[in-house]
Amino acid sequence: MTLDLQNYAVRTDLAIDSKEMAQGGQKQTIPGLREDVEKKDGITITRIDVLDDAAATAIGRVKGHYVTLEVPSLRNGDTDLQERVAAEFTREMEDFLAKAGINKTSKVLIVGLGNLNVTPDSLGPLVVENLMVTRQYFELVPDQVAPGYREVSAIAPGVLGTTGIESSDIVQAIVDRTKPDAIIAIDALASRSLERVNTTIQVADIGIHPGSGIGNKRRGLTREILGVPCIAIGVPTVCYASTIVNNVIEMMRTHFRQETDQTKQIMGMLDDIGENDRLSLVKEVLEPLGHDLIVTPKEIDEFVEDIANIIATGLNAALHDAVNAENVAAYTH
Amino acid sequence: MTLDLQNYAVRTDLAIDSKEMAQGGQKQTIPGLREDVEKKDGITITRIDVLDDAAATAIGRVKGHYVTLEVPSLRNGDTDLQERVAAEFTREMEDFLAKAGINKTSKVLIVGLGNLNVTPDSLGPLVVENLMVTRQYFELVPDQVAPGYREVSAIAPGVLGTTGIESSDIVQAIVDRTKPDAIIAIDALASRSLERVNTTIQVADIGIHPGSGIGNKRRGLTREILGVPCIAIGVPTVCYASTIVNNVIEMMRTHFRQETDQTKQIMGMLDDIGENDRLSLVKEVLEPLGHDLIVTPKEIDEFVEDIANIIATGLNAALHDAVNAENVAAYTH
Amino acid sequence: MTLDLQNYAVRTDLAIDSKEMAQGGQKQTIPGLREDVEKKDGITITRIDVLDDAAATAIGRVKGHYVTLEVPSLRNGDTDLQERVAAEFTREMEDFLAKAGINKTSKVLIVGLGNLNVTPDSLGPLVVENLMVTRQYFELVPDQVAPGYREVSAIAPGVLGTTGIESSDIVQAIVDRTKPDAIIAIDALASRSLERVNTTIQVADIGIHPGSGIGNKRRGLTREILGVPCIAIGVPTVCYASTIVNNVIEMMRTHFRQETDQTKQIMGMLDDIGENDRLSLVKEVLEPLGHDLIVTPKEIDEFVEDIANIIATGLNAALHDAVNAENVAAYTH
Amino acid sequence: MTLDLQNYAVRTDLAIDSKEMAQGGQKQTIPGLREDVEKKDGITITRIDVLDDAAATAIGRVKGHYVTLEVPSLRNGDTDLQERVAAEFTREMEDFLAKAGINKTSKVLIVGLGNLNVTPDSLGPLVVENLMVTRQYFELVPDQVAPGYREVSAIAPGVLGTTGIESSDIVQAIVDRTKPDAIIAIDALASRSLERVNTTIQVADIGIHPGSGIGNKRRGLTREILGVPCIAIGVPTVCYASTIVNNVIEMMRTHFRQETDQTKQIMGMLDDIGENDRLSLVKEVLEPLGHDLIVTPKEIDEFVEDIANIIATGLNAALHDAVNAENVAAYTH
């Protein structure tokens, strides 16, 4: 399918990346795609609706609602900013739950995809470690549960290489047995743009699709497969070396174009070919040498921990009315 | 049931502890219980068969086959000894599999119970991290699997406090979906004797029973519940403070009896009462003060890691004919 | 020396333990020892001054000022309580610094003793990881340092078994080179009472003495040795099995005495002998069997992390005027 | 100094990188530089002697002896290969020690530079954790030390941001106090070539120079500063995004040149400028956007652990005659 090939080519899991590529430098509008951008105090929230198949094909993303929080300064370790991001994320999650028809008493299963022992892939399991799960109280002592809490469970299914079982199979098995009303899946992603790595949170109502994420999660977690709404939360934690290179070549072209009108002579043939062709070229060079490594910033340990904390905090507040900005720290560590 | 109460009273998960308590100091024989002890070079292997209900009641353990490897020097970090223990453990596992009717092609699911973030409870998840799983190859590229391997999968289901779901429910769900022929469950245990903590491996064909283990795994993993044979591997990593105290009082009584015939006057009333009454007494003192802590040796990090490695090494060798003492390091790290 | 033997016998590093033992059950006053106890909302602060040699001999502690914060509920993981403890600890540290003549511009070197890889011994290194060090700015860009900060450096010297060098030698070397005005040393301790483990913080102006702490730090860090004031912060994270047993026997005696007047017959000879003799007896029983393990509660990972965070937070606030309760989170993670 | 600027420009810490750049694509010989390449079974050992100042200037490296082990397959996690690399590394280290005049009884201090909490910078501290240190035995029980051991101590001094003290100051302080005869310093490096990251070990007799390594170790550890020979062991664990891009552009140029003779038109102006100018250009584009991240492969956790183990194993065998290929596992974990 064109969609997949194209996304594979650029190797991004972010709708905002795909949209920008489809628009090109000219920022042309795409029919069937609605976009709303809000900026506040260092946080840019972009809400994209992919409304029809044409728009889906144009940007290479399935139809659905995508929200992206971009926080360029998130890598600075500023705890004040982190708290504000958690608050915005809580608000967006509440909207999402409402739109997906997940009401205050719906039972939610949170799935932390990825591998705890590969730092850039550890986001999902780290979030799970910090969630406030309550299902056990509803099962064991239902009349003692205080108001303001819903039934939340959570699982980190591990990765195929460690378990021998597709994580989607594990999730499906648990869904069959515990019958949640909705799934929220958290996964580490790849981005085509280095500056979005570890600074961006994407929420989408489309679940997890085959080939997304940085690990091996082939079958996907979607409403079609699982039978309940499935919201996906993703954070790009890695880039392919080839996308970095391709990105810079693109940036150089833009950069020179501003300085000179002799573009052609600067970049030569590289300038004439389209982005995907150029990317193939970059890969053709990199792959025989075994270099198309997936890379991550060297401070990844701290970045992933900080973002996992933001997401866990936001989920705890969004899912339980009794948890809010004031007392959330008591539930998350 | 008497069995459970008694075992609760002494808080041990080791059949060898229960047997010794039932025998008392005099080492009397118990009808319906067959025992075989083999000693080699620092390793004592005790094979106990609880053959009938009377024996089960007598020692407070369900009927079944129990093998215990006791290695008093295991806490010294001697890698030579560790390799020999892994080799003995492999042999015992192979016997167990054969006796349980698990043949060379039976599909095995290994379950690592416990919590990775609580060191003394992390044994199961640590073993899972070092297993050689193969189910994915049998599923995806069945004709490319070399001879000498069987289908092995593994899961660390987490604990109730983190997932909100009983680990037995998670295992049951995965068993229903992936249809293994046998289960091997690994769990950290409590022992009544401090010297067995982190020096003992117990294997039993009885699965995991309610109340066993040091975490919350209420429903149990047994052949009756899961429908397939379930072998349990356990290592005591903790003791209750009360059992330490009780143990020492017992040791003091024995000690003094050897030195004097005035026992009564030394221990007073403590000497007249039975072990369980005395233990209740110790707890009566400890619990109001909130002291009946579960304790573990301070070097627990290293101890658990070493034993997890021995078990993973042994399982890899016992389950795959192609893996043996020479090449096992290549599969385990 | 009597002092050392006695403290060795009971194996405690807490002055409050030593004082209680010297007082016996009757809580008799000890000449030369001044004590002040303040209780607020779940925190008991005991300030002890050992004023003369007689008092020092009586309780088996060197002369000096000792403050103990006891927080029995600290093991419950309540973040509100943790914040209040950090605030009280900050206040006590500020008093200590003032009393020790360490003024607002004195340069402080913080020493985190212990081994990061042995959880109950990891307190010191964990605190160091969360401190706000500033010495580098005073060295490199002195005119850009904002007011309200002092020069703070920190070191985790490791343990003898890993470095081959006494940690006191490493500290001495760094003191000689960097010339701090005062030392604050953090170490994990042993307590004789299980309920004080992981619930108690001791601050003392006496430095670290040979044989204290749970690792191998023979030479000590004291004003006499290092030439500058040395404040010691300690948290008991372990108990000896023998002290647990001895403790319970003592508790049983007290317990029975309340219920009956037949004490003698209950405990027999155990009742007639003094605490130290009884302890020797307990050890005589335990040691030949190699059981006198140092034990720690099984939840030690979380306990140590929480307390390390409290101490780092408190030190950051006590040492820098610009850091206070409101913004301290921004400096500590 | 030209040297530094040039090395900064390409941001590499590997002499082999510098040499290749100085040679250009034509592999021209450089006067004053002696090179010897040995290939065996997947391991390429390159021994470079920078004999005079002219050669030093030519390649931008100080005079000295450099050995590089390149093992392209090291990232595959093959334990057999790891053992062979450890054996080759042992041999090279033994040569190095002999050449540097460090005899069998010389006292060695091993310094593990870097930050344990930043995975790509954790190589040094990880090696230290696995070394066999013996100095304490020579100090405490000198007549009980078996033959075949020398006096080895080790320190992980931490990083400036955590300690507030330059690591070179900490090392100098410890050298002054413990008087070793030689230093071996281990550090994580940056490479200009992605394929050398985590596959290469460099040993050099030049110590650690200002600006080398991926952290802040400004003052350097050299024979001139410390007064004793200082051998540096380094492994590139990171790349700058800019060097990846630059590298690929270079590779594209080579690639196209083979396919076509219209090179100019393909790469345009990029082709006419020298490598350093092109790199400046790449940086000019990347830096304003804050993108010149230091990146590392996503599997860095496992890669660093494996290589740290190889180095520790090799050092233990090279430093102690009594430790060899057969028993080295008993000393390293």
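Note that the chains are named A, B, C and D in the order they appear, and that numbering of residues resets to 1 at the start of each chain.
Simple rule for what comes next: contacts are C-beta pairs under 8 Å (C-beta built on N, C-alpha and C of every residue); 3 or more make two chains touch, one makes a residue touch a chain.
Only a predicted model underlies this, so the values are computations on that prediction, with no experimental measurement involved.
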Of all other chains, the one whose Cα centre sits farthest from subunit B: D
Which of C-D and A-D has more C-beta pairs touching across its chains: A-D
Distance from the mean Cα position of subunit D to that of subunit B, given in whole angstrom: 45
Centre distance in Å when subunit A and subunit D are each reduced to the mean of their C-alpha atoms: 36
Centroid distance [mean C-alpha coordinates] between subunit D and subunit C, Å: 41
Residue numbers of subunit D (touch at least two other chains): 117
Contacting residues of subunit A [partner subunit D, same complex]: 72, 117-121, 194-195, 197, 214, 237-239, 241, 244-245, 248-249, 251-252, 255, 262, 264-271, 281-282, 284-286, 289-291, 293-302
In the complex, subunit B residues that touch subunit A: 116-117, 128-129, 131, 133-136, 151-158, 160-166, 169-170, 172-174, 176-178
